[in-house]
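Chain IDs A, B, C and D follow the sequence of writing; residue 1 opens each chain.
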Amino acid sequence: MDSKKVDVAVIGGGVHGCSTAYHLAQKGFKTALFERDYITSGSSGRSAAGLRYQFGTEVNILLAQYNMKCLKTLGRDLNYPGDLEYDPAGYLWIAYSESQLDQLEKNVKLQNELGTTGSKVLNVKEIQEVAPHLNTEGMLGASFNQEDGHINPHTLCFAYADAAKELGVEIYKKTSVTGIITKNGCVAGIHTDKGDWEADAVVCCAGAWSVEAGRWLDLDIPITPERHQIMITEPVERMKHPMTLCLDDGSYWKQCPNGTFMLGVGKDEVKDTSFYASWDYLDAATERILPKMPVLSGIRVVRQWTGPYANTPDLQAIVGPTPVEGFYIDCGWSGHGLQFAPSVGRIMAEFVNGEKPFIDVSMFRYSRFEEGELFFEPACI
Amino acid sequence: MTRKMIKDHPILNFEHEKKKVVKFTFDGREMEGVEGEPIAAALHSNGVQIYRITPKQERTRGFFCAIGKCSSCFMVVNGVPNVRTCVTPLEAGMKVETQTGMGILKPEE
Amino acid sequence: MTNNEKLFNSGILTKDKQETLLPPQELWENRKNGLVVIECPQQIPCNPCHDSCPTGAILPFENIIDTPRIDYEKCTGCARCVARCPGLACFVVDLTWGEEDEALMKLPHEMLPLPDKGDEVACLNRMGEEVHRGKVINVTEPWKDCTRVVHVSVPRDMVMEIRAVKVV
Amino acid sequence: MKRTDILVVGGGPAGLSAAIEAASLGADVVLMDSDLKLGGQLIKQTHKFFGSRTEFAGTRGFEIADILFDEVEKYKQEGKLEVFSNTTVTGYYKEDGIVSYTIGEETYDLMKPQKIVMATGAQEKRIAFYNNDLPGVYGAGAVQTLMNVYGIPPGKKVLMIGAGNIGLIVSYQLMQAGVKVAGIVEAMPKIGGYWVHAAKVRRLGVPIYLQHTITEALGEKVIEGATIQEIDNSFNLVGEPMKIDCDTICMAIGLTPTCELLWSAGCEMKFVPQLCGYVARRDAMMRTSHPDIWVAGDAAGIEEASAAMVEGRIAGLAAAASLKPEGCQMLRERSADYLKRLEHLRAGDTGAKIRSGLEQVCCECWG
């Protein structure tokens, strides 16, 4: 098989792969990206596409500040002609229990301390002001940030992919990576169904599918795929309503810029990368969401889809180098990864270039599981 | 206004006179149509061709596919937006309105 | 593309394609009640003309996509095929009818208004142009299925031109 | 949750035939159709059908529908067949084989059938031209629904786009309904439908503009005319635009199979231009790659209603046979005649396109 040569091969055409490839090219690396289907065909394009400042740990809050700053003007900065549909409709985390409210207060305090000034705790009356359609019965309070919001996950990904291409990145769609070539224990290239490529480094951004790539190198990447589902309704005129999340029952819902409502609930789900939806999801979603948002009771659901979360034991990402020299991973985002593409794409390029990452992400290291240093983030659903 | 109907046909016999005619309103105007026929058909027989105005470019839209697939004939029926009038049967007293934009969700009473 | 091809491609049977469809001249001139002319030049999966023929003049189809073949000896000009053919492609021409320069055509008709016996109707050519005013001699409905057969008097030299009538 | 042996999705010629065939073999059948009336496109057809006697050749489409309705009624009486009209199947959930559906605007429910025949039909294609969204631009199916089902004239003067069988037949039907036809516009140098259908409308004075296309619909809010223009063999505009006086533009560009449920079910799909879109791979008995799902009619590839009815028979037969221990032999015996009929309907030049399309998606047996 004829062999081609690049500096870095990126596995996965999701938003992290595209952003990583873009940042690598910016640093002058000859980069090729391999996607087994089409750009955004995996979890990125199936994401709920929330963007937020509101996290509960220092590293995530700092990364989020950088993400949010970038995402606001990303379309323009990347010269993307389409619309990223960046929409700061706000994020409202509602609490029905003292313990949840307590946690939200702690999160906001930490965010404020680290410079995220837009986050605040709301009482019930204040909730009614920012979300007038919400039924606040039983609600104790909420945390809120008006600048949190939504983006179109497809155009976001295309914007990075196009910008990467513009910088010379070769993007191979419909190309499956089938193995990683090593020489003396170091990464030397990749096998694909379209031939082999020599590469000095491989960055794996394959989400829930990363496990397989690890196996080629005898690495045990501790990811368990978990199906998650989303429902979308018919479009109706925009109403004042922020993305609302309830940690007590795992439900969330928001109105997208095109007027459709997106409905999600966390429930006991199959642990695989299946794209097939389940019939009981409508009931699960409506049972939890309609009492909180009665105005939606007559709305028609028009579509339902699935996308796998790449869950790790602590539901936090795995980012950085691995015991195999030249093999880097950026995966295991456990459902909140889309919005981290700007910061982590940059950090992956920094890792490959031998630089110190601009934000310390050592708590996301691959070895933490072995070391028993799991890392918990309270603001995840 | 009299409804436009095909009276004589070389093959088909519509038996219009045997059908139950009911009254409904379109944007406040009283009209007549056959009970159970699609709302869109009833409107067409009354000479109404514009069923909605699109949200972004404010284009007029009317009947198109007649099988409930294309979204062209969405209207507000009895206060409910986005009703596919080509496959929704006409009932006596229905309040049918031109839909402007995406339709507004009304709070439950 | 020649002009003839263009016309044929839009559904007009051009002169060059008509000859093969004509019944044997001598038989035609003498057969009372007329003989059928079938203008079905394309292989399509269809055989009701054969099924509807009471005398077996329209021969059995070896393959359903064959174009019809006719045993003119057996054709009685009954026009049952005229009323049954889904393509309205059968016409009966009776050259024995009327005066020397006259003929009777039995044409399929499924439009309103319906002509009545004795009416004067416009006779249309294959392009829909009025080329003659003919008199309706009879109107039948052989299968009682709303397809009428209009018997109309036409000039003998126009039997390969006139293909429809219209009430005027 | 409601259960049934066989669910037939779509009550057009293929679905009706499938439901009748399956019920005749003793299966419990549920037939769902999204329209207010059963019959799909059949009830809109006033012309006599082609084919041979077994496909009701020489009988008008709506009368064929009546014949099928009588059979449906018979099996309803016997309790073997249940019909849901105004019912849209909204989802097929692969992991449990459960189907979700809505009745009208109000009711949502679930059902678990053992086997499914997808006879979901087709939907209209569109082409791009200025103002193609104005009210007065109607799909050919919609025009037929208005005038032949509900007896409402779609307009006063119609410009037909497309000279396939649908464009030619609907033009003829418009004239029967007392509506003028301004002309038929066809991009190809030859009509696409049966030649005899073209001859029928030509002799009534309707012009057919071969190698022409519509470039613009005129009007501010509704259609007030159209411009058409000649095109060359590479579809480039040539000559001068010609204004056509009309108040309705009927789109008979063609159809594309309705296959969302087949996709949801994970059936192997293939894009086949000759069958007008994505279609499911299937065996000779119309079984898809999903062992519980069969396909029939336009959903399996755009073809004439006569073929759809035979395909429906085969799919209904095969689905019902799969529930019986002695099914295999029954299927072999009863299907031979149906297969022969299909072969006849697809013979000759007019069937060449279909045959080459089917070659790409049919396998002998899933093994």
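The definition used in the following text is that contacts are C-beta pairs under 8 Å (C-beta built on N, C-alpha and C of every residue); 3 or more make two chains touch, one makes a residue touch a chain.
Note that the coordinates shown come from a computational prediction; the quantities given were computed from them, not determined experimentally.
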Self-check item: Chain closest to the middle, measuring from C-alpha centroids that were averaged per chain
Solution: D
Self-check item: Of B-C and A-B, pair with higher C-beta contact tally
Solution: A-B
Quiz prompt | Approximate Å spacing (C-alpha centroids) for the pair chain A, chain D | solution = 43
Practice problem: Averaging only over C-alpha atoms, locate the centres of chain A and chain C and give their separation in whole Å. | Solution: 73
Self-check item: Multi-partner residues of chain B (each touching 2 or more other chains)
Solution: 8-11, 80
Exercise. Please list all residues of chain A that touch 2 or more other chains.
Key: none
Quiz item: Where in chain C do residues touch two or more other chains at once?
Solution: 110-112
Self-check item: Of all residues in chain C, those that touch chain B in their complex
Solution: 110-112, 114, 146
Quiz prompt | chain B contact footprint on chain A (complex, rising order) | solution = 133, 234-237, 239, 259, 294-300
Quiz item: Okay, in this complex, where on chain D does chain A touch?
Solution: 91, 93-96, 98, 100, 108, 110, 264, 266
Quiz item: What residues on chain B touch chain D, complex-wise?
Solution: 4-6, 8-12, 14, 16, 34, 36-38, 41, 44-45, 49-51, 59-70, 72, 80, 83, 86-89
Quiz prompt | chain B to chain C touching residues, read off their complex | solution = 8-11
